[in-house]
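The structures considered in this document are given below.
Two complexes, one shared chain (subunit A), two partners (subunit B, subunit C).
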Partner chain A sequence: MNTLGIILKQTLEARNIKCLLRKNNSGEDYVCIELDSFDETMLLIKNQQLLRLTAMWAAEDFEDHCGFTLFYVFENYNVPELLALEVRLKDKRAPSIALDFPVACYFEREIKDGFGIEFEGAFDTRRLFLHEVYPDSFHPLLKSFKNQALDLNHEEPKGTEYIFKEVAGEGIYQIPVGPVHAGIIEPGHFRFGAIGETIFNMEIRHFYKHRGLEKLAENRNPADCVVIAESISGDESVANATAYAMTIEKINECIIPARAWQLRTVLLEMERIYSHLGDMAGMQVDVAYPVGASMLFILREEILRYNALMTGSRFSKGIITPGGLQRDIGTEKLKDFKVYLSDFKSRFEEALKTACDSSWVIDRFDTTGIVKQELVSPLNLSGPIARASGATIDTRRSHPYGIYNKVKLSLPSKIEGDVLARFMIKAAEIKNSADIINGIIDDLYEGPFLSQCSNDDGYSLTVVEAPRGQNLHWVYVKNGVIDRYKVRTASFCNWFAIEHAVIGNIVPDFPVINKSMNLSYAGNDL
Partner chain B sequence: MIIDLLRNFFGKKIAQDFDPELAEFRKIGFELKRHIDNIFSRSIAIREVDSGSDNAAEIELNNLGTPHYDIERFGLSFVASPRHADIIVITGAVTHNMALAVKKTFEAMPQPGFVIAVGDDACDGGIYKDSYAVLGGADKILPVDIKIPGNPPTPLQIMKGLLALMEAIKKQKPR
Partner chain C sequence: MNWNMILYTVLNTTFVFLFAPLIVSLIKKVKAMCQGRRGTPLLQTYFQLFKLFKKEIVYSDNSSFIMRISPYLNIAFLLVASIFIPIVFIPAQESGFGNIILFLYLMVCARFFMALSGLDAGSTFGNMGSSREMTIASIIEPTTLMACAALAFILKTTDIPEMFGTVLSGSILQYPTLFLVASSLFIILIVETARVPVDNPETHLELTMVHEAMILEQSGPKLALMELSYGIKQLILMAFLINILFPWGMATDTTLSGILISVASFIIKALLLAVAMGVFESFFAKIRFFRLPDFFMIAFFLSFVTIVFELLS
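Let's turn to the complex of A and B:
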């Protein structure tokens, strides 16, 4: 079967458009086009219904090109290979594609902040991750800026003021929420426009937690950056560390021992279990049903303790490394965990039944916060949100990595798109993850858990399915150090969904809608 | 119903003591309660502010309220507003985007109030120390009374930190 890159190359050549196809050993195709043929190429891609824009980023002085290179990654969930369209810019201007691919709006604003590249024709040119406190001329990802502590005036910010969308009319009022929220959660700003109790508009402003992770990785040895990947989002640390490690392994063509992949998969699925358990419990807390929530919180705490028992960290930090694992996990411990899992499953069923038997839980969940199926592709939604809205997509199936093509993966899917659908999808995924772990422990390889990974130059792209959805990592190693590290977590795109899902709902339902999506602030803000 | 009752008495308990850590947790908890009874007249209110963490520390703070730990029995509670708080718990290195909000939150807390930094990055900036986007640890903008290091600290370590704060307060102002 032809890959996306070959198909695009053939289509472009049939129209006399010059392009260059490079195949990377890690499975993605890079198609390099001229800026002159950009509009025509984008129109061709736009007409391909199955292709969705999944990420976009810029790099300075990439390979032999002096200046900026833009990357547009497209994905078709029926084709394993990803397509990266590469556009080399002559100056700091590029055409905007946000009108055709709505998800590009955030990406373009991100690139504008990072590098100062202007997107012509963009409908939203406000700054994104740099707030007012940073001067307008500051672009941290430029190579001319050396990473260092800045002395900024927080009381009298230098940057242009951020303008929110204005809503006005009789009986309409705005509710600003955040960045400091009432619960123990991360900071972010929500601005509701409401008529009475009903929300008719919501605008999100994030990036309060912007820590500059991408710049932080630059000029470091690839082996030292696993900690940066782990701190993208604390409860996705295994997924991000694995994705990062895989990227480095692909650059170095490093083969991972079978046992290491089995243990990684166990940890990845454990992460999915505890993450989903926390969401399902939180959703019940938000509808004032602590009995059901407590049962799930108990289970989650036990999984966190098994994490600590196996890896030394309750969030399984510091075990994954390029080449395999830092330490082995004893087979005895895994066997113990398997015994625990059979007990876990019956108790989980009981907790699920408790929730489903309570009419007020179901009443609050049902038809609340609907994400429409037609939003999934244009907004690049992934993970349980997409699967609850009728899309049977999962990175573990469409772009299998590690041993995921060998495990028994069930893909739960629902079409309702409401809070209840997401609740049930997460429940089904927990059961499936437990089955996957069981299967692996039954069939465990003995042997090495770490192989030697060299330190070559190159670049590679990896996608993994974290509990929240698809995470994408791209690393470019030049002269033995990281030159550019790009991360796009699932939450970066999935945050769009909530702006649509809350419309027509009442303000008090916002917390449960938010919890049902479990969007990461840290993973979004980087 | 009688069967349910009997099952509850003799059947398998759902919340079991999982490891010796929990016994230690309980011991520290009651010691903490004694101090809280003496210094704060039986209860303290904590306001959590995230200034740029990776969310793991928040999860652990949330876990303190779940059935295994249930710190409300020791007189500790997390409150929704700094105006109700005796203690501000700050997690994460302070980002430039968040600095003003953190300062305002602290100013809204009635005095005397205390500040605890939870996690490596809140203590001294952690891995973000050299980044353009952060100021550094929480002590760059707030008077931090006690630091609880860890990536993230476990619930037990957080409790130990709270106990250390109580002991420090007691030394300051003998009652």
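Let's turn to the complex of A and C:
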């Protein structure tokens, strides 16, 4: 069967465009194109309308190229494999594709901050993760930059100011919100432009807690970096640790024992359950219906306690490792959990009924914060947000990993795209996750849970479906240590959606829209 | 002013002052129990106020004297208004005292200064809170006036103590339409005390706040005064509702036993109403901001119907 890489190569060659198709150990296609034919290739891809840009990053001194290499990852949800386009730059300049692929805007700004690569023709050249305190010459992902404590000399000129879109007019005002909030929420700045209570423009500015995780992983042994993957976002730690472990396993062509994959899947689905429970409860808290919310909060707490019982950590940290699992989870414990799950399901139904029976709650959710379907591909939206907006996409189905091609996965889909649709999608996913776990526990393999993984050089790309959507990990191991680690969580792209979803809504509805999308601040800001 | 009146003022005000925080805690407790939580102790609001009174005050650099005086004015207006609602006993008549219109406008004055202090610091949330409060006020005030007019029609007086006295000396069955007005008074009580479904007193979401947003900039003892005046406002509105419908037990003369019975019976009735409010609140979610007039309309309609009935009969 022709893979995306072969198809692209054939198409390009038919037009006399030079390109090189490379397969890495794990069978991923990397199509290497020249900078001269870049525009033509991108136009071709754009006009085909079959591929969506899902991630973009840069690496310095990749393989035998001295300088910067840009990677563009495209995907089609009907094709299992991804397509990586590789462009080797001669200097620190590259053409921008943000006008053709809107989501690239964020990625290009990220690369510009990290490496100082200028994107020519970009419509938005503001900084992304670096705030004004950093001087203009500061680019932390360059190899020449040592990861150490920074002495931000106050004499040094500050970086360029971040300019928000200006709004003005009769009765129009701006509402700056955050980064410090009244509740215990992560830091983020929201700039609303409102006419009375109606929002007509909203811009977000985040990245107040950049931890430099990608840099932190560099020059470390791949086996030691699971903790870094787990720290990306606390409530996605299983998904990120699994994605990272899978990447390392693919580089080393390591085969994982069946039991390890079953247990990983149980943990992944438990993570989805507690994450969605928290969202659904939070959405009800935000419309002041704590009676419905507390029923879900109780269930969430119980799942977290089962996590602790099985893995020793409420967020299941420290169990996943390249090659399988650090420790086995006793079959007895899993059987106990299965017994609990049947009780869980009936109580969840009851809690769902409590919410749905309240016309006041439904009235608040219905038609609030609509994400239009036509935004899903250009903004690379994924997860429940995309599925609530008419896109039946899920990484577990389109790019199956582990044992996901064997489990009974039902993909709920709704077309309304509002808060209510996201609420119902999450409810359906919780039930499906519980069924998946039940199925696995019924059919549990006994045997080893860890296989030995070597430590070879290479690079590999992995996508997984975290509770919030698709997370992408790319690891490049050179000389036995990590040379570049790139993570793109679902939230990085999904944050775009909220800027569109709030338009036309009123300011007091913003919190519930925000909660319904459950965007991660930490997962966005590595 | 006679001794009777002075004694009444002192006792009534002291009672309102001391009892108001308990009701605030009790409603919170009931809500917590509806959610399956244990909730905070019943004395928590007292502890909270005590703590706040010991703290320092921080003012925004942009704030003016309005910010500084409004907590005093707010509580002063509400304490004066509280004298209009007899709880300990119904005092002998004094001219010009107890007028329902005056009572309403004392409450409005308190609200006016609270909204001003929200605007004063120039912060976003204070402004939003004040703007929303005024939007709500302009819709609920005609409704409140309508309800009071209905009361005046039924009981043939505009004097609040006299209203209580009339119901007390008669039977509630003589005034069946009182139940209609009481329903709208209950809605007004929910709106005026910024409760679900109009506002959420427990929210941490600054973008959704109304009442809480206005007092965000207040701190220390000034915040305590604001919290206390909120409790007082809630208590006197509850007392108004209770004593219009069920004034039994209230003393009309100044005997020690009479006062004790009236205080005790009021406490029981107030606790029951607080529980009812907590349960009521638990069954609702916050309504969409622009749908609030629909909710107020119910109160308006009930009062209007009452007046029509009274005119016809």
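Keep this in mind: the second predicted complex is superposed on the first by the 519 of 526 C-alpha atoms of A that agree within 3 Å, B and C clash if a C-alpha of one lies under 4 Å from a C-alpha of the other, contacts with A are read in each partner's own complex, and residues count from 1 in each chain.
Simple rule for what comes next: a contact is a pair of C-beta atoms (placed from the backbone, for glycine too) under 8 Å apart; a residue touches a chain by one contact, two chains touch by 3 or more.
The model shown is predicted, which means the values in this text are computed figures rather than measured ones.
Chemist: Classify the contacts of A:423 with the two partner chains as first (subunit B alone), second (subunit C alone), both, or neither.
Modeler: neither
Chemist: With both structures placed on chain A, which of the two partners, subunit B or subunit C, ends up touching more residues of subunit A?
Modeler: Ranking subunit B and subunit C by residues of subunit A touched puts B first.
Chemist: With the two structures laid over each other on chain A, which partner does A:289 touch: subunit B (first), subunit C (second), both, or neither?
Modeler: A:289 contacts subunit C only, not subunit B.
Chemist: May I ask you to decide whether A:459 touches subunit B, subunit C, both, or neither, giving the answer as first, second, both or neither?
Modeler: Touch status of A:459: no partner.
Chemist: Under the stated touch criterion, which partner chain does A:207 make contact with: subunit B (first), subunit C (second), both, or neither?
Modeler: first
Chemist: Determine, under the contact definition given at the top, whether A:72 touches first (subunit B), second (subunit C), both, or neither.
Modeler: Neither: A:72 stays clear of subunit B and subunit C.
Chemist: When the two structures are overlaid on chain A, which partner does A:234 contact: first (subunit B), second (subunit C), both, or neither?
Modeler: Once the two structures are laid over each other on A, A:234 reaches subunit B alone.
Chemist: Based on the superposed arrangement, let me know which partner A:131 touches: subunit B (first), subunit C (second), both, or neither?
Modeler: Touch status of A:131: first partner only.
Chemist: Using the touch definition from the top, say if A:182 reaches subunit B (first), subunit C (second), both or neither.
Modeler: both
Chemist: State which residues of subunit A lie in both footprints, the one left by subunit B and the one left by subunit C.
Modeler: On subunit A, the overlap between the subunit B and subunit C contacts is residues 182-184, 294-295, 298.
Chemist: Can you name the residues of subunit C that touch subunit A in the complex?
Modeler: 31, 34-37, 124, 128, 132, 196-197, 200, 202-208, 216, 282-291
Chemist: Spell out the part of subunit B that touches subunit A in their complex, as residue ranges.
Modeler: Within the complex, subunit B contacts subunit A at residues 14-15, 18-19, 48-63, 66-68, 78, 80-82, 92-93, 95-101, 103, 105, 121, 127-128, 130-136, 151-152, 154.
Chemist: For the complex, give me every residue of subunit A touching subunit C.
Modeler: So the residues of subunit A in touch with subunit C come to 175-177, 181-184, 197, 284, 286-291, 293-295, 298, 358, 360-361, 363-364, 506-511.
Chemist: Okay, in this complex, where on subunit A does subunit B touch?
Modeler: Those in contact with subunit B are residues 129, 131, 133-134, 140, 145, 147-150, 152, 154-155, 179-180, 182-187, 207-213, 215-216, 227-228, 230-235, 237, 278, 294-295, 297-298, 300-302, 304-305, 308, 313-315, 317, 347, 520-522.
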